[in-house]
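In the two complexes below, chain A is the common chain; its partner is chain B in one and chain C in the other.
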Partner chain A sequence: MSTAIRQWRGFKAATRLGWQISSNWTQPLVFVLYSVLRPLSAAFILVVMYRVISGGGANTAAYLAFLVSGVAFWSFVQYGFAGLSNGIAEDRGEYKMLKYVYTSPAHFYVYLLGRGLAQLASAVASALIVLIVATIALGLPINPLHINYPLLLAASSLALLAVIGLAMAFGVLLLQARDAHGYGELGSGVLYVISGAIFPISVLPGILATIASLSPLVYWMESIRRSLLGSQAIRMFPSLSDGDVLLRLLVTTAATLILAHLVFSWADRTARQKGLIDMETNW
Partner chain B sequence: MSHPSAMRIFLKTIVARAYPRFVAAYRNRAWLITETLLPLVGTIAMIYVYRALHAPARFLGFVVLGGVLLAFWQNVIWAMATQFFWDRGAGNLELFAMAPTSLAAILLGMALGGAYVSLTRAATILLVASVLFGVSYSLSGLLPALGVFVLTISALYCLGMLLASLFLFYQREAWQLADAMQEPIYFLSGFYFPVRSLGAVVGGVGSLIPLTLGLDAIRQLILPGTPQFIPLSVEVLAVVAQIIAYAALSQISLRYLERQARQDARLILRST
Partner chain C sequence: MDIAVETRALRRVYRSRNQEVVALDGVDLRVARGQRYGVLGPNGAGKTTMIKILVTLLLPSSGEARVDGLDVVHQFRELRHRIAMVSGGENVGFGMLKVKEQLWMFSQFYGMPSAPSKRRIGELLERLGLSEAADRRVSALSSGMRQKMNLIRGLITNPRILFLDEPTVALDVGAARDVRDEVRRWMAEDPTRTVILTTHYMMEADELCDRVAIVNRGRIVAEGTPAELKQRVQQNAIVDLQLSPGGRLLDALRAVEGVAAASVTEQDGLDRFSLQLSNDAALGGVMRVVEGSGRQIRGVQKREPTLEDAFVKLVGRGMAEEEQA
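Let's turn to the complex of A and B:
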């Protein structure tokens, strides 16, 4: 059997496994409700906050669209980053199967990519439902016929690569800890603050704003808003063209992937040396 | 040899179950970090949302106080409601059931220890967020606010005891259920905005959670200018009623569900 086929089979098995773990605890309808409940509530929180300040006056749709689009697409980071990095700890501590993944023919990267993509499937449904509900309920200026789909797809593909890369590195780094409960959520919480998902990064203090501008997530959020809202989008980088934003996203994604690979390699080597792959973690 | 009285066993059980939580408050550094930083990061994000909207300063206070009580809510969800679920997975629940004491005493011990742990985290969040963002409070309302805070936390942990008995019946879905009780509750309880903004119906439903009325009362006392949801005295009375109601309901529910769990062999059922 060729290497490519072996890896493909490993990838398929990992994707199926990830999907089953995240979804087969209940009926499909309950799972869909569960998937949208948190992001929808997060969107409602921001809408109420904005309405309290703006007084619900006219011309609020553009800023509401800024908030809602950020929250809707944040599901990809929530599921992709926190879900995958927690998944690595669960595979070791709860299911006690990480050592078997290491000894299987599929490359560990391939396995994690499959696990990560399964998480993102839930995020797609969640983002779509939040956008549809919010657009109808709040009258947001999002028209499916006017969405710049090539920009949306290109930007999201790049950003998701970065998210999965970061999650892989963070997840393997967490193998150093005996108890990593909540660290996936903490990591995604920190990314939330510096991603421009719910406020422009110009509000952040100098050093944080600089760090944020090096993150691919900021350019992804900007691209999402431009693709969904066109000229009505509130822009974090008004002086940059769509192409410039995409170029910055490409560069920061490449840099993130290189950094993630380095961290992953170091953490993986250390985990093997210290015998952490099959460590009992008193789950 | 004389046997200890039932009351003595009850009280000793409370102390024994609270003890590991007191000790773990500082010993388990991994939890110390997540329990403090998770609510703090969420609080900071919401503060920046208000800053981006050029909101008046008192709104930052709303968020900080919401973040403080959020630490308690997370403790109630992850260390009270789901605790019997974790205990069952670790094999402790069957030992609790065999011990010559009551599950009610164990729950009270958990609540006592959990409230202490959350208090340490909440104090850090209050201090750090208030200093970082220059939030100030009205000192004249501080003492009454502390009183309302104690009542609110008591009602909250009584609700936690009720949820703990209900969670005895959940298997793998316990984790997801607890997860789903975050943002929806932050919304219904008005963690980041005045409860009044929710309107009478949604605010009324949210008031079933003790945090909603408690938080609104505390804000009215130490953040002048807070839009009033319902009068302060009514909120305090409602929280007191919730303490009584949730405490009674938790005992009824615990007795019923423990009996059912014994019949269905759920006390020893591993979910993973």
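Let's turn to the complex of A and C:
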């Protein structure tokens, strides 16, 4: 039997496991309500805050569109990053199954990829809900017939790869911590600030702006807004064409994946060296 | 001889901020294929560390280990297809999954075709008396049932070599017997399978294992069949002495001329001293010491040697006794 088929089976089971863990902790109805209300309330808070601060100036509508599109798609990072890196900690600490998964022939990469992709459905649903509700409620200039879908899909696929790569590296790195609980949110919070999701990176202090411009997430956010809002989008990179933005996304994603692979390999080896895979934790 | 597991000068040191613990201190192990092999030793002897290295969960500090002919450090990917590990004494499992679903997932992590796996899972659930629980959530199982489920997880993937780390610890008598019975049955199905199990229960090693390595402080101190190991204390008379509780007596007993080894365990509120006497005359000296201590004698029996006696003779203390610095 070929290795590919074996790994494919492991991948599918990991995806199913990831889905069960994220959805099965409560009644289906509660889960649906939670999935709808969580992103909506997060977006609502930001919109209200912005309205209060801006007092409804001339540029309000354009910035609201900037904000909402960023917040909506942030669900990919939230689910992918926090979901996956917390998942590794839970597999070890709460379920005590990480050692059994780890010593199985399913490649750890493949397992984590499956576990992470399981979050994709939730992330897409969350993004759609926020976009649709906000577009109607706030009258945003988003027309489903005018969206640049190829750009949106290409950019989001690349960004997804980058997010999962980062999450895997971060999650395995977190095995070093005795109590790795909560760091997933911390990590995605940091990314939130430097990704241009809620404000243009030009408002960041110099060094952070430079770091942000090396992150694929910024070019992803830029591509999302251009594909959704067309010429009405507030641009973080006005001098770059759509193709240039996509190219930068491609290059930064590739660099992120290489970096993530190096960190992952190092952390994985260290974990095996120090016996961290089944370390007793503070759950 | 066809070797299933072999280690050479295997050593593992745990380093933390201010101390070093030598968990394995040069272990040379050879396990022939087809055996039920026991690794017997007290808590902290290094049993789990050894298992963890052999199942590719932990790297050795130095030395070499081969499982099914494959190096555990460098050929771990291939090796993982051929082994499985089950640890006892922990409440493991993805709580929100159904029992049969969790087991099926592991068959998938091992790349097995789905339908035969499901059939096998059904059989094993039946054999271990868990059929009724197949559709229950893992979180709803008692700890004994979870441990049995965990054993099934190790068996469904049909490993060439199965590693069991204290598989019956914390189980009630009935469940422990079910687990031991299943290990025997599983081994009988295919004579090329090998089981390595660790335990600190003498009876378990004696009853279940073809060969036993006795470990203490990271070293193998003796190795052989249970009968051979017991043979080592055969020249001594083994006498159990039940005494009412009292002050420390063990050192005084060990000092008696003709007492080759002594250990003590508490049993039903009495202290049971096990003495290995190299000559019958020693009993007189023992009795004088007991009388001097003011303790009451509640029972005296001469009995056949056990693996515990072998351990006491080799190590100088009982398995359950606290190690003295």
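Everything that follows uses one rule, which is that the second predicted complex is superposed on the first by the 276 of 283 C-alpha atoms of A that agree within 3 Å, B and C clash if a C-alpha of one lies under 4 Å from a C-alpha of the other, contacts with A are read in each partner's own complex, and residues count from 1 in each chain.
As a convention for this text, a contact is a pair of C-beta atoms (placed from the backbone, for glycine too) under 8 Å apart; a residue touches a chain by one contact, two chains touch by 3 or more.
Note that the structure is a prediction, hence the values are computed from the model and not measured.
If you put the two complexes together on chain A, you find that chain B and chain C both fit without a clash. In the superposition on chain A, contact of A:Gln7 is made with chain C only, not with chain B. With both structures placed on the common chain, the touch criterion links A:His146 to neither chain B nor chain C. Contacts of A:Trp25 after superposition: both chain B and chain C are touched. In the superposition on chain A, A:Leu186 makes contact with chain B only, not with chain C. After the superposition on chain A, the angle chain B-chain A-chain C between C-alpha centres rounds to 80°, nearest 10. Once chain A of one complex is fitted onto chain A of the other, the partner contacts of A:Met97 are limited to chain C, with no touch recorded for chain B.
Within the superposed three-chain model, A:Arg16 lies in touch with chain C and out of touch with chain B [touch as defined at top]. Across the superposed structures, the minimum distance from chain B to chain C, using CA atoms, reads 5 Å. Chain A residues in contact with chain B (one complex) as well as with chain C (other complex) are 25, 95. Those residues of chain A that touch chain B in the complex are listed here as 25-26, 34, 37-39, 41-42, 44-46, 48-54, 67, 94-95, 177-183, 185-186, 189-190, 192-193, 198-200, 203-204, 282-283. Note for the complex: chain C touches chain A at residues 14, 52, 55-59, 77, 80-81, 83, 85, 87, 90-97, 101, 104-106, 108-112, 114, 153, 157. The touching residues of chain A, counted against chain C in their complex, run 1, 3, 5-7, 9-10, 12-14, 16-17, 20-21, 24-25, 95-97, 99-107, 111, 272-273, 275, 277-278. Across the interface of their complex, chain A is touched by residues 28, 30-31, 33-35, 37-38, 41-42, 44-46, 48-55, 59, 89-90, 171-173, 176, 179-180, 182-184, 186-187, 191-194, 197-198, 272 of chain B.
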